[in-house]
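Next, two complexes with subunit A in common: one pairs it with subunit B, the other with subunit C.
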Partner chain A sequence: MARNILEIKELYKSFSKGKYGKDDETYNLLSNLNISIPENTISALIGGNATGKTTLFNILSGFLKEDSGNIYFHNSKTTNLSEIPPYKREHLGIGRLFQDNHIFPTLTVLENLIIADKNVLKGNPFEAIFNVKRVKESEKVLTQKATETIAHLFGKSHELLSKLNDKASSLSFGQKRLIGLIRLFMSDYKLVLLDEPTAGINPALNDFISEIIKQMVLENGMTVFLIEHNMNFVRKTAHNCFFLDNGKINMQGTPSKVLGNEFVQKNYLGV
Partner chain B sequence: MLTQFLINGFINGAIYAMVALGFAIVYNTTRIFHIAFAILYMIAPYLVYSFYSQAGYPLVLSSVAAIVCIVLISVLIELIIYRPLIKKKSSLNVIMISSIGLMIVGINVIALIYGNDTKILSSSISNTISLGNIIITYKQFTQLVISTLAISGFMVFLKYSKFGIKTRAMRDNVTLCNVFALNVPKFRLSLYALSGAFAAIGGILISLDVGMDPYIGMPMFLNAVVALIIGGIGKFHAPLFGGIFIGLLQSLVVWKFSANWQDLMTFSILIIFLIFRPQGLFGEKQRLV
Partner chain C sequence: MVGLSNLLSIGQAAFYGIGAYVTALALKTLGLSFFPSVILAIVITLLFAIIVGYISLKMEGDYFILATLGIQIIVFTILNNWIAVTMGPYGIPGIPSPKLFGYIEIKGIESFLMVSTAFSAITIFFFHRLIKSPFGRDLKGLRDDSISMIALGKNITKLKIQSFVISSSFAAISGFIYASYISYIDPTSYNLDESIFIISAVLIGGTGNIKGPIIGAIFVVALPELLRFVGLPDSIAANMRMIIYGLTLVIIMRYRSQGLAGVYKF
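Right, the complex of A and B next:
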């Protein structure tokens, strides 16, 4: 049995009801939430609108602070994520794909990809002046890595390969989403959080994205935790499924078990 | 005569461009309307005045020391004023008001220490370089060379260095920067340091020529903001063209009319741009979806 890479224990998150709400006018969006994500699997989090799915991902990424509870990330060592700032979570091996915030628009497509490489944002900023040779070599290696990653995922004739030096703002929404996904292959992530990877994407691409996500797990050893509203996609892609309702996990198991549950069908799928 | 005015305008424009770039470094990456930037520009020449005219150190050493001090002050503004407000989730308007307050305090402190009268760094008449009918003073030459070096150095840095990628990434999407392991609070300090250095160099270069008083910051700040808007907000190269444009325009106004009309023309051009080309000279249409 696979060990858990992520364990969320008794997590609470509340928000104020109104703009000028007092402490006693809060509501619990997440209430005693417990989730364990097994390593090297694809786990889907489903649930209605405003049930706190993206809030949970924002807590996992460090953009929101939980009210109480613990989040343990088990990699080479166990880390309690509560006190870890967002940028350090990337160092731990946690990657994120946002629902609609994928790119740096004025950076080129290539720069958008290589920015995920740890060496780009670390190191001596004056290298560009004092060590031009090393900068050029590093650029060459990263360009090759980006090109190979695109070719491996989409084939050697994919249109993105001819757009590496274009500004990312010139890409369509779907292409930007693909850039967000490809970028997750540019670093050695252990756990990736994908917020609705198929949202706004041509349905014909769904199978393709499903394959990319499976590749993340099978070839790259990542663990995928995703939010998704496309149930066919969840059935095809995920190993585990968690149904979030009323601030806690109401049902969990295989996608067919959870999606076949009468309560889930009635309250979420509207069947 | 026209050529002489154009050359003078270009040199002034280069300084406007450099100062505008200093403001743009902070504004484009943090969206903070950093009005306190004006006092960094104003305090730098006073520090040179203290080190050089009062303490007797060499001018170059005094200037370097002043730039270092301004860099520290700029970083402290972020650490002591802006960062705590950001932590409290204050709006950008609140931060701007705090910046205005700081500017007022800064002006009054300098006025209290040095007085309201104009101070000059050097009363000697500058040597000149003659190129046909065109005369450039050594001070102007220094202004042109240093501002050009500072601007081009930053542009090379922006395009080719890791620092440049980080800066451009910060300009585009701070949230994503966090996801890609950029320590945003720490990186912001380096941006404030760089911005402060540009303000200090600009202030010192201008004061070599015309001296200083506690109120020199705001007019230059407004010119820098106009240069930024005319060039195109959000672009790092845009204030360069905006700055040169304003420098040349002001010089032509002085040539044709009088120096008193410079500001009127500058802000008239700003209004024309805001009505007819609000995205600025280098703004571009972007694909939204």
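Right, the complex of A and C next:
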């Protein structure tokens, strides 16, 4: 078995009860949650509505702060993520696909992809004014990378290739979702967090999305940690499955083991 | 810049004022010539903007607007009370005309028209390149979706500070032109009214491109002339002007929140 790339230990997170509830009235959403994600695998997190799956991802990305617990990210060295500001977690090699589409509506499809680049200006806006040649060259390379990635994933005649200069707001929900997925190939990620990758996408495309995710692992050396409600998709795609219930991981193993479990079937699948 | 980074600053006149006062002191007290004065005005305003940016941009949205309001009030109070340097409410009279390379005196409306045209051209060129560059793309991204920007590893605090500092530094150029042309400055030109005037121009014209703010500026500058043309006496026209600005702002925000020619909606 491969080593773990991510280890979540004794994680707790509570929220105050209702919006106007008293501050001391809290409930534990995640309590004593432990997960280890093996490197170069696809792991699926399943669980009922509002059990805290997205909240866990938001804690991993740094948008929410855990109450207590530790999150270790093992790359070339081990990092305790709690001490890292959100944007720097991306620099460590952690990518994210949001459950609700977070694309940039006023940017074009192409801009939505090449904005993933962080190297060209290195944070110096004056380079844009005085080093036009270097910027132009970098833009050319990025544009090529974006079109090649789309062509590689979806084929040379995919509709997105003819929409590169359209505003992203003009895309359908499913197309926006694809942009989010393609963008993850623009950087060298080690771990990607995919929050319901098939949600809102034409079910006919599910197999296709499944293939793209497998490609992330096989061709691009990423580790995938995803949240899914579509159990057929989980069976087809994931190596490991984690069942989140009552704030902790109640059951884990291969998808067929977890989904075949009597407790999971009764309490989640409603069989 | 407001439109690009979603940073609505109501302290723009403060930076304009610092630029004007540094110009006045550079020309009059230090006896510097044209380029050293412009550069000094820009550098001092820039340093001030960096400090203000670091403090206020840690705050989000509405708090940032309040912070810039605070800066506006602080700067006005300093200009008005630091008599030894700014001569307080009396202002600084007799600012000498700047000399190009110490020889050619820039004086009179034609010379200043040329200087302002040159500076405007440089500013437009600069912002055009910036908007079209990856930096401009990042600012648009920030405006669209800051969460996504963070997830893509962008340091959005740094981006906000950079855009704030750049736009504030350009206010120093306007300060330079104003102080050296009018040759007399006093604090009332840099109070909250002036900031609101600048914001009106930006919001009425629209943001996110270069033509929006230019159209807005033409509108707010042309309006008083238009009222005079209609034949209203000055005392009524001044009040009418404020009422019309207000009304226009309300109407535009209600029916065309991206402004007359802008991209972004508020």
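The working rule: the second predicted complex is superposed on the first by the 261 of 271 C-alpha atoms of A that agree within 3 Å, B and C clash if a C-alpha of one lies under 4 Å from a C-alpha of the other, contacts with A are read in each partner's own complex, and residues count from 1 in each chain.
In this section, a contact is a pair of C-beta atoms (placed from the backbone, for glycine too) under 8 Å apart; a residue touches a chain by one contact, two chains touch by 3 or more.
Computed from a predicted model, the values in this text were never measured in an experiment.
Visitor: Do subunit B and subunit C fit side by side on subunit A after the overlay, or clash?
Guide: Subunit B/subunit C on subunit A - steric clash.
Visitor: Would you sort A:87 into first (subunit B), second (subunit C), both or neither based on which partner it touches?
Guide: Both partners, subunit B and subunit C.
Visitor: Would you check which partner chain A:237 touches, where first means subunit B only, second means subunit C only, and both and neither mean what they say?
Guide: Neither subunit B nor subunit C is touched by A:237.
Visitor: With both complexes overlaid on chain A, does A:111 touch subunit B (first), subunit C (second), both or neither?
Guide: Touch partners of A:111: subunit B and subunit C.
Visitor: Regarding the shared-chain residue A:79, is it in contact with subunit B (first), subunit C (second), both, or neither?
Guide: After superposition on chain A, A:79 lies in contact with neither partner.
Visitor: Kindly classify A:170 by the partners it touches after superposition: subunit B alone (first), subunit C alone (second), both, or neither?
Guide: In the superposed model, A:170 contacts subunit B only, not subunit C.
Visitor: Quick check on the superposed pair: does A:55 touch subunit B, subunit C, both, or neither? Answer first, second, both or neither.
Guide: Once the two structures are laid over each other on A, A:55 reaches no partner at all.
Visitor: If you lay the two complexes on top of each other, which residues of subunit A touch subunit B in one and subunit C in the other?
Guide: 61-63, 86-88, 90-91, 95-96, 98, 102-107, 111, 115-116, 118, 120-121, 123, 125, 128-129, 135
Visitor: Show which residues of subunit C lie in contact with subunit A when the two form their complex.
Guide: 126, 129-130, 133-138, 140-141, 143-145, 147-156, 158, 162, 166, 208, 263-264
Visitor: Please give the residue numbers of subunit A that touch subunit C in the complex, ascending.
Guide: Residues 61-63, 86-88, 90-91, 95-96, 98, 102-107, 111, 114-118, 120-121, 123, 125, 128-129, 132, 135, 138-139, 183, 187.
Visitor: Could you pull out which subunit B residues touch subunit A in their complex?
Guide: 156-157, 160-166, 168-169, 171-173, 175-184, 190, 234, 286-287, 289
Visitor: Quick one: in the complex, what on subunit A touches subunit B?
Guide: Touching subunit B: residues 61-63, 85-88, 90-91, 95-96, 98, 101-107, 111, 115-116, 118, 120-129, 135, 169-173 of subunit A.
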